[in-house]
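Letters A, B, C and D name the chains as they come in the text, with residue numbers starting at 1 for each one.
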Amino acid sequence: MSKITETTFRVRYAETDASGVVYHAHYVVWFEHGRGDWFWQQGRDYHRDVEARGYNWPVVELSARYLAPARYGDSVTVKTWVKELKSRELTLAYQIVNAETRQILCEGWTKHFNLDAQWRVVALSKELRELLTKE
Amino acid sequence: MSKITETTFRVRYAETDASGVVYHAHYVVWFEHGRGDWFWQQGRDYHRDVEARGYNWPVVELSARYLAPARYGDSVTVKTWVKELKSRELTLAYQIVNAETRQILCEGWTKHFNLDAQWRVVALSKELRELLTKE
Amino acid sequence: MSKITETTFRVRYAETDASGVVYHAHYVVWFEHGRGDWFWQQGRDYHRDVEARGYNWPVVELSARYLAPARYGDSVTVKTWVKELKSRELTLAYQIVNAETRQILCEGWTKHFNLDAQWRVVALSKELRELLTKE
Amino acid sequence: MSKITETTFRVRYAETDASGVVYHAHYVVWFEHGRGDWFWQQGRDYHRDVEARGYNWPVVELSARYLAPARYGDSVTVKTWVKELKSRELTLAYQIVNAETRQILCEGWTKHFNLDAQWRVVALSKELRELLTKE
């Protein structure tokens, strides 16, 4: 398993809904924020190191389980790691916890294909693979 | 299987991202829009018929597979149906297609618990069950 | 004053917040939806007719006044029209009403510059101007 | 003029749009994030100190000027301060800058009414006023 990063931020009012707690689709955005930060914390950047080289890693599969709600103003922490790396695809996993109580709020993963500039699924180059594995 | 409803709308610029296509979390919002419309098309309303009676049906599990991108201005159709109904939970399924070409863009499902006003998982009353089954 | 279009849709749960009504920034998205539909209803399309020709019309100024709240499931109508057209900029105006009661919920406008592919502010060509004026 | 707080975070991919830069409505969300943080940085909390006492401060007017774009991964800083305090309303102002270059990206303000539990506009109590003025 790869390095696990932690990304902590406060819940915005925009992220809540009329039931009084965070709307479920925002956790999917938080997964993306954790994913971006996994790169940033290691001095890498998805745009500069992947997109600018002509590749992109769209989400092709997504899974989430919701265990407890987050509320406005809560500090939440997204833990992110690379779960699986195949020749042409990668899977990242996430656990979102309340930053104070450490209660688990949500768990999930996203699978991504490695697409080239023509949106064809291609093998990850050595360079791209190192982005995901090199400590 | 239940009635299948179709909900069609145009993609907003707000729903696209820097890769040029729709951001993946918006499909999850579109699932919710399809789910709301499943009720509306049958003269029912989630707020009036579920929440106002003291219940709520939060998403506890979510799954999505992305097959092809949607773009700004595309007409997309969300097909929605009740996939499974248990004593205390329900699962709705979705298929999102391009409204013109009928190409499948995304498929998924959401599982919901039936919570009472104290956020306890309770059995669906006959009244709530009819919302989901009566044609 | 230009043609006024009307765009009607239901409020999504995603658009509400913990105060129980629609979150204010979503009205700004609804302005954009009205703006897009102003073109679509006239057989035009912002991407095909503006962006694909090498121009873009970013929002450079935005104003909104909120008069009454919208709630989950409400049908809302966005009325959209071109308010002002200058050599290098355009202003669209919006009024959002409850589609059933016609109560005014929000009023506002957005000013846009005409940028070329190098993001320079340039005069609107005759072709672009016709998109905005021709009935 | 009140204390000025600074809130810094990274741009999420979710916040970009097909033009390649941040979608304009997200700056309005960033205003709200700056507003929430103005309270948090002073040991106060909008939900606990305003809503839980039976009041709410909805946005009744909004203005924004966009000066330069933000991009995915940029660090942006929202500066927030109380601009004006009247008997029954308050106005907060915002300046959003690129956290590295300090280039100004967006400026704006939001006006809020002080509503009681029946959504009537009422005078700010001494307690609420202190939330906004006490250093």
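We adopt the following convention: a contact is a pair of C-beta atoms (placed from the backbone, for glycine too) under 8 Å apart; a residue touches a chain by one contact, two chains touch by 3 or more.
Note that the structure is a prediction, hence the values are computed from the model and not measured.
Novice: Select, from B-D and C-D, the pair of chains that is joined by more C-beta pairs in contact.
Specialist: The greater number of contacts lies at C-D.
Novice: Sharing over half of the contact pairs with A-B by residue number is what counts; pick that pair out of A-C, C-D or B-C.
Specialist: More than half of its contact pairs match A-B, so it is C-D.
Novice: When the centre of a chain is set as the mean of its C-alpha atoms, what distance in Å lies between subunit B and subunit D?
Specialist: Result: the chain centres lie 32 Å from each other.
Novice: Taking the mean of the CA coordinates per chain, how far is subunit A from subunit D in Å?
Specialist: 27
Novice: Taking each chain's centre as the mean position of its Cα atoms, how many Å separate subunit C from subunit D?
Specialist: 23
Novice: Taking each residue of subunit D in turn, which ones touch at least two of the other chains?
Specialist: 13-14, 18, 21, 25, 29, 32, 47, 71-72
Novice: Can you check the complex and tell me which residues of subunit A touch subunit D?
Specialist: So the residues of subunit A in touch with subunit D come to 9-10, 12-14, 29, 32-33, 36-37, 40, 45-48, 71-73.
Novice: With touch defined as at the start, can you tell me which subunit D residues reach subunit C in the complex?
Specialist: Contacts found on subunit D: 18-19, 21, 24-26, 28-29, 32, 47, 51, 56, 58-66, 69, 108, 110.
Novice: Where on subunit C does subunit A make contact in their complex?
Specialist: Those residues of subunit C that touch subunit A are 13-14, 16-18, 20-21, 23, 25, 71-72.
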